[in-house]
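Both complexes shown next keep chain A, but they swap its partner, so chain B is in the first and chain C is in the second.
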Partner chain A sequence: MTRRFLASAGVVGIVVAMVWLPRVPVAAQVVPLAPVKPLIPAKTAKPWTAPRTPDGQPDLQGFWTNNTYTPLERAKNVTKEFFTEQEALKNAKRAAEAEGEQTEPGTVADVHYDFTQFGLDRSQGGMALNLRTSLIVDPPDGRIPPMTAEGQRRAAARAEARKRMGAPTDAVQNLPLSVRCIIMDRAGPPMLAGAYNNNYQIVQAPGYVMILVEMIHDVRIIPLDSRPRLPQNVRQWTGNYLGRWEGETLVVESTNFTDKTAFQGASANMHLTERFTRVAEDVIRYQFTVDDPATWAKPWSAEVPWKKTIGPLFEHACAEGNYALANTLRGARAEEKRAAEAATKVSK
Partner chain B sequence: MSAKLAVGVAGVWLLLAAGPAWAHHAFSAEFDINKPLKIQGTLTKWEMINPHSWFHVDVKGPDGNVVPWLIEGGSPNQLIRLGVTKYTLRIGTEFVIEGYLAKDGENRAVGRNFVLADGRRLFLGGSSPGADPGK
Partner chain C sequence: MRNRFRRSMIVTVVMVAVLSWAATPAAGQARGAYRAPRTADGKPNLNGIWQAINEANWDLEGHSAAPGPVIALGAAAAVPPGPGIVEGGPIPYQPAAAAKKKENFEKRLTLDPEIKCYLPGVPRANYMPTPFQIIQTPKYVMMVYTFARAVRTIYMDDHKEAPADSWMGWSNGHWEGETLVVDTTGFNDLSWFDRAGNFHSDALHVVERYTATSPDHLLYEATIEDPNVFTRPWKISMPIYRRLEKNAQIMEFRCVEFVEELLYGHLRKPTSK
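Entry: the complex of A and B
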C-alpha cells in the first residue's frame, strides 16, 4: 500500500483495508462447498468524522472484531514496520491456507476438531488487513522490551509455584483459567484476538461506555467520571477501570489487576491505558500502553484495528457446557490407573 | 500443519502453528493421540453449546448392536453467525467421523472430521448440509 493511500485514508499509524480470504479446500478428496460470502463488504477508506450519541459522545457503538493474522511481536527476521499491501495480502493468504491445512495424523497438532468446518479459522470470521508487521508499535523494534531482573524473578517464582502444584490435570485449580471458563487469555484487558469468536459490542449511555466480549460474555461497564479508584487491596480479573474522552478518543485507564492473569508476565500493579478512536465508519483504532516498572523498564504500546462486524453477539455460556474439563480430569485418572496396573504387572 | 508447510512458511507466521493451542483446551489432554478412530453413525442430538458443541451419534457395531457415542466439535457461535442454526442439521443425518478416542476409554471422541455421505465435510463453507428444504 502506498504512502499516498495512507494519507488518503486519513488514518495515522494504521492502514486498514477489508480483505476477504477465500477458503482453501482442506483435502483433495473432498468436494468443497460454495465459498462463504463476505460478511463485511470491501470498502474504500475515506476521511470520516464520528457521529455523536444523543448525549454528545463520539459514537463507538456497534459490533466489532479484532481478528488478525498480525503477531503481537515482530518476527526477528522482519526489519520493517509495514508490509506493502501485496506482501500483506500474500502473507494473509498463506496464513489462511495454513489454518486450513490438514495436520499430520498421529501428531499432537492433529488431535482436535477441524476449525475450518466450524468457521473458526480466522479467514472465515472476516478481518481488517493490517499492514503492520507487529501489533506492537513502541518500542520501534516491535517487540516486548526485555524483562527487568524483578520481572524475571517473579516469572521464575510463578513457574516454581506451578511446579509445586503438580501436573495440570492433578486438580481443577491447576488447569488454565481459560479451560476453567474464568477468563480467556487474550480477552484482556488489554484486548487481543484469540483463536475465534473475537467479537465485541460497544454500547454507550450518558456517563458510561459498555464493552461486551463474546468469549465468556465478559463485560466492562466503564464510568466516564473521576470517581475514586478501588482501594489497593481490591483486585479484579479485568482491573478497576475509569474512562474519559480526549477529543475523539475514549481513554480508559485501568489498575488493580490480579497476579492470576499476569498479562505477558506483568505484575498486578500494571497500569493499562487503552484508547479507542473511530477512524472510519467501519474501523476503530484500538491502542494500548502497558506501564509496569516492576516488569519492564519502559512502557510499551500496541495498536490493533477493530473492524465492524455483524451482530448480535451470541451466548457463550462457557462453564455450563464445559464437559471438556471433567473429561480431561477423568482421562488423566484413567491413564494413571492404566500406568499403575502396568507397573504392577511388571513387578510381578 | 505439516512439517513441509511449517518449513515453507515465513517466520512471521510461525505463531499460527500454535493456532489450536489457543483454543479452549489442550485436546491431547482429553483425547488419546494413540487411538485414532473412524466411525459411521447417525445423528440423534446436537448440543449447540460452548465452549464445544457435542454431537450425539448412534453407531451400529459389527454385531448389529447400536451404541451411543458423544463427539466433541467446535464452538457454535461462528456457525450461527454464518447462518447455521439448530434446524440446519437434521436428526438422522448420517456421517463418518474421523477423530481420536477419549482418554478415559468411554464412547467419546473429538471429531477431527465429519464427512457426509456425499463426501462433503460438515459445515465446511457455511453451507447447510443437512438442511431440510421445507424449513
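Entry: the complex of A and C
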C-alpha cells in the first residue's frame, strides 16, 4: 500500500514537473563536458593530496555534480560489487538514451522539456563513471538492511496517516515535498542526485565549509568548531550538522532531523555521518553512514563520486514560480466538479 | 606656505568629515578610521553572522507607530515607529509610480511578497529581521540569508552581465579600500523593498557598500537606481550588527511550508481534512 501510494504520488510529481515552467529561466548548464574518465574504485585509487586553503583546510572548493545512473540499491539480478568499465559504460549509455527518450512523441513524458536540449539528461552534465553496481557499499549485498519491527510499525503508521489524508491532489499538504518546493526528496542530507540540476558549489572560509545546492537554492553552512548541538527539541529538515576535518576528510555529523523527510524510512533520530574526501583533482568521494537503531539493527553506508563540473549556479527560485501546484489542485477540483455534474445529469 | 596650505587642507578635510559625521550619524561611524582585520588575501575580513536592527522592513521611510494589518495579531504585529533610513528626503517616485506605491500599501496583505515567502530581493534581504551570514573568499563572497534561505553569490573576479532576471539579481563585487562594493542588476520586478509597498521595476540597479566600522559593525549603504520608477538615484544607509551569541548560526526557516494554506488552502477538496 505504501509503495502504491508512493508510486502514485511519484507520478503526480513527475506530471507536475512536466508542466512546471519557472518564471525565471534557470536551466542548468547545458554545455556537455568532455567524456569523463572512469573513476577507479576507491580501494585501488592512488592516494592524492588535495591542495590547501590559506587556513590549512583540504581544498574542496569548486563546482561539483553527483549525477549518477548507479542505483542506491543493487539490482536483484546483479551479484557482483563492480561492473567492468565496459559494462558500466554500456549501462550509462543505455540510461542516458532512456532519459532522452522521454521526449519521444506518444510517451507519457512527451509534454516535458526536450531533455537533450535543456541539459536535463544527466549524462550531459557530466558524471564520474561509477563502476559500483550500487551506491550502498555496506552491507556487502548492496541493499538497505531489513527494517526492525519498530521501523516497520512506524512505516505502516505513516502509510495509514497518508491514507487518511486522502488523494495526493486533495490538498496541497498531500503532495510530495519536492513538488511543493519545500525540499527536494533526494537533496538530503544524505545528498543524493535527483533527476536533474544535481549541481553544488563548495566555498570554504576559516571555520566553515559551505555547500550551495542548486535545487531550490539550498545552502548548508557547516561549522568546523566544537560548538554544542542544538537542543533535542529543536528539529530541522536538514538536521543539525557539525563538521570537522579528519586528515584529508571532512566529516559531518548530523542529528535533530524531523520525521517529515524520513530518509528511506528513517526516524527523526537518525544519526547521519557524511565524509567528503577529494580523491583526485576532479573527484570528491562522498560517503555516508546512516545509524538509526529505531529503524535498522545495524548502520548502513553508501558512496557516491562527485565529479567536477562547470559553474556558475543560477538562482533556482522554486516556490515563486510554482504555478503547477495551484494548477494541479485546480485541475483536480475541476475534474471533481465535472464528475459531479455528469452524475447529476445521469440521475435526472 | 605649502605646508600651511596642506595643513589647512587637512583641517578642512577633518572638519568636513566631522560635519558629515554629525549630519549622517548612520553613515558616519568614523568611516575610514577603522581598519578591519584582514583575510589571507589581504582584504577586509567581513566573515560573520550579521543582522540589521531597525524598522526598515516595515517602511524604509520615516513612519509613526501604527496598528498592524492583521487585527488578530494585535500589538504583536503592530508597526514599530522608525525615523527612516532613506537619505535626503522621501523616495523620489515618478507620479505614476507613487500611485502604485500607495496601491501596494493598501493591498499589502495580499501583495507583499514577504507574506508569500518569496525571495526577498536586494536590498531588502539585508534588513529582514533575521540574521545572514557572509562567507568570504577571494573569488566569491557568499551571502546566505535566514529568510527563505535566500543566497547571493558576489562574483569578485569573474564579472559578468546578468544572464537572466532573478529575484536576488546578479552581483559583481570589488574592493575599494576598506569597502566591499557590490553592483547588482538583472532583477525581476517582483520583489518589494519593505512591507509599506515600496517597489521597483526590472530596471533596478543597486550599488551596495559594506564597510566595517568596528569589529562588530558594518556600515551598509545602498544606492538605488530605477529609471522606470524613480526620478533620480537615491540612497539608504544603516549599521548592521554582528550576532555575538556563542551559538549564533543561520537556522532553518523554510517558510514555503508556512504559507501553503494561505496560498493554496482555497483549492483544497471541500471534504478533505
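FYI, the second predicted complex is superposed on the first by the 286 of 348 C-alpha atoms of A that agree within 3 Å, B and C clash if a C-alpha of one lies under 4 Å from a C-alpha of the other, contacts with A are read in each partner's own complex, and residues count from 1 in each chain.
Heads up, the rule we're going with is that a contact is a pair of C-beta atoms (placed from the backbone, for glycine too) under 8 Å apart; a residue touches a chain by one contact, two chains touch by 3 or more.
Because the structure is a prediction, the values reported are computed rather than measured.
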Which superposed partner A:164 touches (first chain B, second chain C, both, neither): second
Which of chain B and chain C A:295 touches, first, second, both or neither: neither
Partner chain in contact with A:194 - chain B first, chain C second, else both or neither: first
Touching partner for A:255 - first (chain B), second (chain C), both, neither: neither
Partner chain(s) touched by A:68 [first = chain B, second = chain C, both, neither]: neither
Touching partner for A:325 - first (chain B), second (chain C), both, neither: both
First (chain B), second (chain C), both or neither touched by A:333: both
Partner chain(s) touched by A:287 [first = chain B, second = chain C, both, neither]: neither
Which superposed partner A:130 touches (first chain B, second chain C, both, neither): neither
Greater chain A contact set [chain C / chain B]: B
Residues on chain A lying within both footprints (that of chain B and that of chain C): 23, 26, 169, 181, 314-315, 317-318, 320, 325, 330, 332-333
Chain B to chain A touching residues, read off their complex: 1-3, 5, 9-17, 19-20, 22-34, 36, 47, 49-54, 72-82, 99-100, 102-105, 108, 110-115, 118-127, 129
Interfacial residue positions of chain C with respect to chain A in the complex: 39-41, 47, 116-119, 133, 135-137, 140, 142, 144, 149-151, 153, 155, 158, 163-168, 188, 190, 246-247, 249-252, 254, 256-257, 260-261, 263-265, 267-269, 272-273
Chain B contact footprint on chain A (complex, rising order): 23, 26, 29-36, 39, 69, 71, 74-78, 91, 94-95, 98-99, 101-120, 124-125, 133, 168-169, 175, 178-179, 181, 185-186, 194-197, 199, 214, 310, 314-318, 320-325, 327-328, 330-335
Residue ranges of chain A in contact with chain C within the complex: 23-26, 54-55, 61, 164-167, 169-174, 180-183, 201, 203-208, 210, 212, 216-219, 221, 223, 227-228, 230, 236-238, 312-315, 317-320, 325-326, 329-330, 332-333, 336
